[in-house]
Amino acid sequence: MIFVTRKMHFNAAHRVYQPNWSDEQNQACFGKCANANWHGHNYDLFVTVKGEINPETGFVVDLNWMKKIIEEHIIEELDHKNLNLDVPFMKDKMASTEVLAVEIFNILKPLLLGDTYALHGIKLVETERNFVEYFGN
Amino acid sequence: MIFVTRKMHFNAAHRVYQPNWSDEQNQACFGKCANANWHGHNYDLFVTVKGEINPETGFVVDLNWMKKIIEEHIIEELDHKNLNLDVPFMKDKMASTEVLAVEIFNILKPLLLGDTYALHGIKLVETERNFVEYFGN
Amino acid sequence: MIFVTRKMHFNAAHRVYQPNWSDEQNQACFGKCANANWHGHNYDLFVTVKGEINPETGFVVDLNWMKKIIEEHIIEELDHKNLNLDVPFMKDKMASTEVLAVEIFNILKPLLLGDTYALHGIKLVETERNFVEYFGN
Amino acid sequence: MIFVTRKMHFNAAHRVYQPNWSDEQNQACFGKCANANWHGHNYDLFVTVKGEINPETGFVVDLNWMKKIIEEHIIEELDHKNLNLDVPFMKDKMASTEVLAVEIFNILKPLLLGDTYALHGIKLVETERNFVEYFGN
Amino acid sequence: MIFVTRKMHFNAAHRVYQPNWSDEQNQACFGKCANANWHGHNYDLFVTVKGEINPETGFVVDLNWMKKIIEEHIIEELDHKNLNLDVPFMKDKMASTEVLAVEIFNILKPLLLGDTYALHGIKLVETERNFVEYFGN
Amino acid sequence: MIFVTRKMHFNAAHRVYQPNWSDEQNQACFGKCANANWHGHNYDLFVTVKGEINPETGFVVDLNWMKKIIEEHIIEELDHKNLNLDVPFMKDKMASTEVLAVEIFNILKPLLLGDTYALHGIKLVETERNFVEYFGN
């Protein structure tokens, strides 16, 4: 079993606020992350697949194929978008890094599954100072 | 003459579009950067002062003082904000990295000016792949 | 279960030497790390908490709260200090990255413990070329 | 149990192609990675040892000793070499990052083994965008 | 006048040796960089244009257009290639970072020239530890 | 004229304080940088030489030779040392990044001087957030 990781990135706007709360509650809990007119980040996404090495190719998976899967299903949905307004799979969800990471993992899991490999986990980096890792439940 | 640089950062949302143009023109020129619901970046800002070393302190300027000036006049205005909607000094201007860099320089120039030092230039990094440098005109 | 990491940093001086040994033994074992007048590093500290996502906030923990806990209990004790001389919790201990990492983990463990989250581990980076990870025993 | 990592690096040329296949098959599977006249990378190698802290030294292992072991057995074999042509332990193997990582791990495993420590795993970074991790089987 | 930079990258093999010299002379001067079977690098290329901000777009140049120019004329020629064997504009030239930087600059200069902007310089990074900058003659 | 840069590094302890001042004055001016028992940094040093490309080698200078010069005259003096106590060329000087940069430049200038090249400047990085550049007077 060996682990192979591909780094991707996207730029997005978001706002972290709880619509069931008052503005004061949102401000107290989320501070400037709740600002009404959005802010944004350069997100780095690391996708890790675990599997066996194919003896003919030397690869666990074809990283170009994996890149295209991630681009089509994740990056095109998120890049230069508003996570709260533009992304179907984030609709009615909190636009936190944690929630976004779980959603990305759940979308990729069935797409990156083969006889000799499977999705292991993802790491989603919001800023130089904070990131989230999820490996499924 | 020696050059001293302090790195700062802020996260902001923006949209690059020309309000005098049609949606089609904006899309043709700016592509996904013109998306209606904003996107965003982790911006890194490098501020460089040039000057003489004060023989008593060994410093050109007190970097903690310089940090506070930049925080008060630039970072508090930009961090977790929408560059198009929330920032007085960007009002009615294109929210490009170039325009933002010039505005930041012009604000900081009189604030970082002393008998033995002056603002030399700024570098504004929008993503790992593109940045702008401005040294005044 | 999801993992959330906050990066912190501090600058410190230290010296790695065994007071029960002769200078020759220290020199043979630790080389220039044992130099009498200290040297120092820019340390990066990554603190990782694991837990469940709070459905109301979208967060595992409030990262600003976690940052303040780490600043108060770790960074204020270590930043711009001498690890051998100034830090109560390192007294009479070897000032190695390994020992420091264990001490930091043990201090943070009860502070970063809630019903739905717990400290998972820390990563302490001494230089670009070496780091230590500790997840408790 | 604590984990200690040392980063090393080497620059090498390689080509990923399957000699049992036609040029067309190689092109279809490996694309430009199969180009006849080689290409190359700056590889970063992270070697992680797990073990107990020696109470006399504060170290799990002497990182200078570990660095010399890795230099002698791995870096001198790979640095400024052609992975397909020059490296005895890669002979008749696919020169992929996955295969190289497994070979490096298997060479280091018996060399980084003591009463209180053992090789935990390695991370081999081919480019900013892809890396492989192996922890043995 | 403002400066805008786009970062690109390519992976290539090369060998630094002087064909008019003996193997011994090459070994003495270039060391392992002269190894017969090539080695390689992940090159980062920073291309900087200087110019005036277009008041309608807020841009000095369209960075997507500039990226395509660099990809077509430089990256496609160099990426996953052998600098000594595969690159027409490096034929019969030393495959050093310095020579490559001058050639790249000379190719890009007429391509990145407009009424309000011009190529300022390039930075070519061979490894984390060495890079070359060229601004024309 | 082309510019070639070599990155070096060293780890050192220091303290920024003015011995002619009272403790209160030092604390007011330098804050925790004046702490009595020292702190330290991982310093990165970039040394840039400008010159003409030697047509026989393709190099401005032999970077291995330049590395040895810098190691012998700068790194061995500074690495794992106390800038205030251990470094002859810093004796009775303020141990600031600015002063250190000027001293390093002045030492290297006559050593990196040839018929076709000369020292252009140095960049001394104290932390991720601040650095100094000096190009002579």
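Observations on the model:
Per-chain residue numbering starts at 1, and chain names A, B, C, D, E and F are given in the order in which the chains are listed.
Criterion: contacts are C-beta pairs under 8 Å (C-beta built on N, C-alpha and C of every residue); 3 or more make two chains touch, one makes a residue touch a chain.
It should be emphasised that the depicted structure is a prediction, and the values quoted were computed from it without experimental measurement.
For the pair chain B and chain E, chains touching both partners: F. Because chain C and chain D share one sequence, their contact can be compared position by position; here under half of the interface residue numbers appear on both sides. Distance between chain A and chain F, defined via averaged C-alpha coordinates, is recorded as 42 Å.
Chain A and chain B have CA centres that are 28 Å apart. Residue positions of chain B touching 2 or more other chains: 128. Contact between chains, as defined at the top, is found for A-B, A-C, A-D, B-E, B-F, C-D, C-F, D-E, E-F. Taken in their complex, chain B has these residues touching chain F: 1-7, 48, 53, 55-60, 62-64. Against chain E, the residues of chain B that register as touching in their complex are 16, 18, 20, 29-31, 93-99, 101-102, 128-135, 137.
Within the complex formed with chain E, the residues of chain D that make contact are 9, 11-14, 32-33, 35, 37-42, 79-82, 85-86, 127-128.
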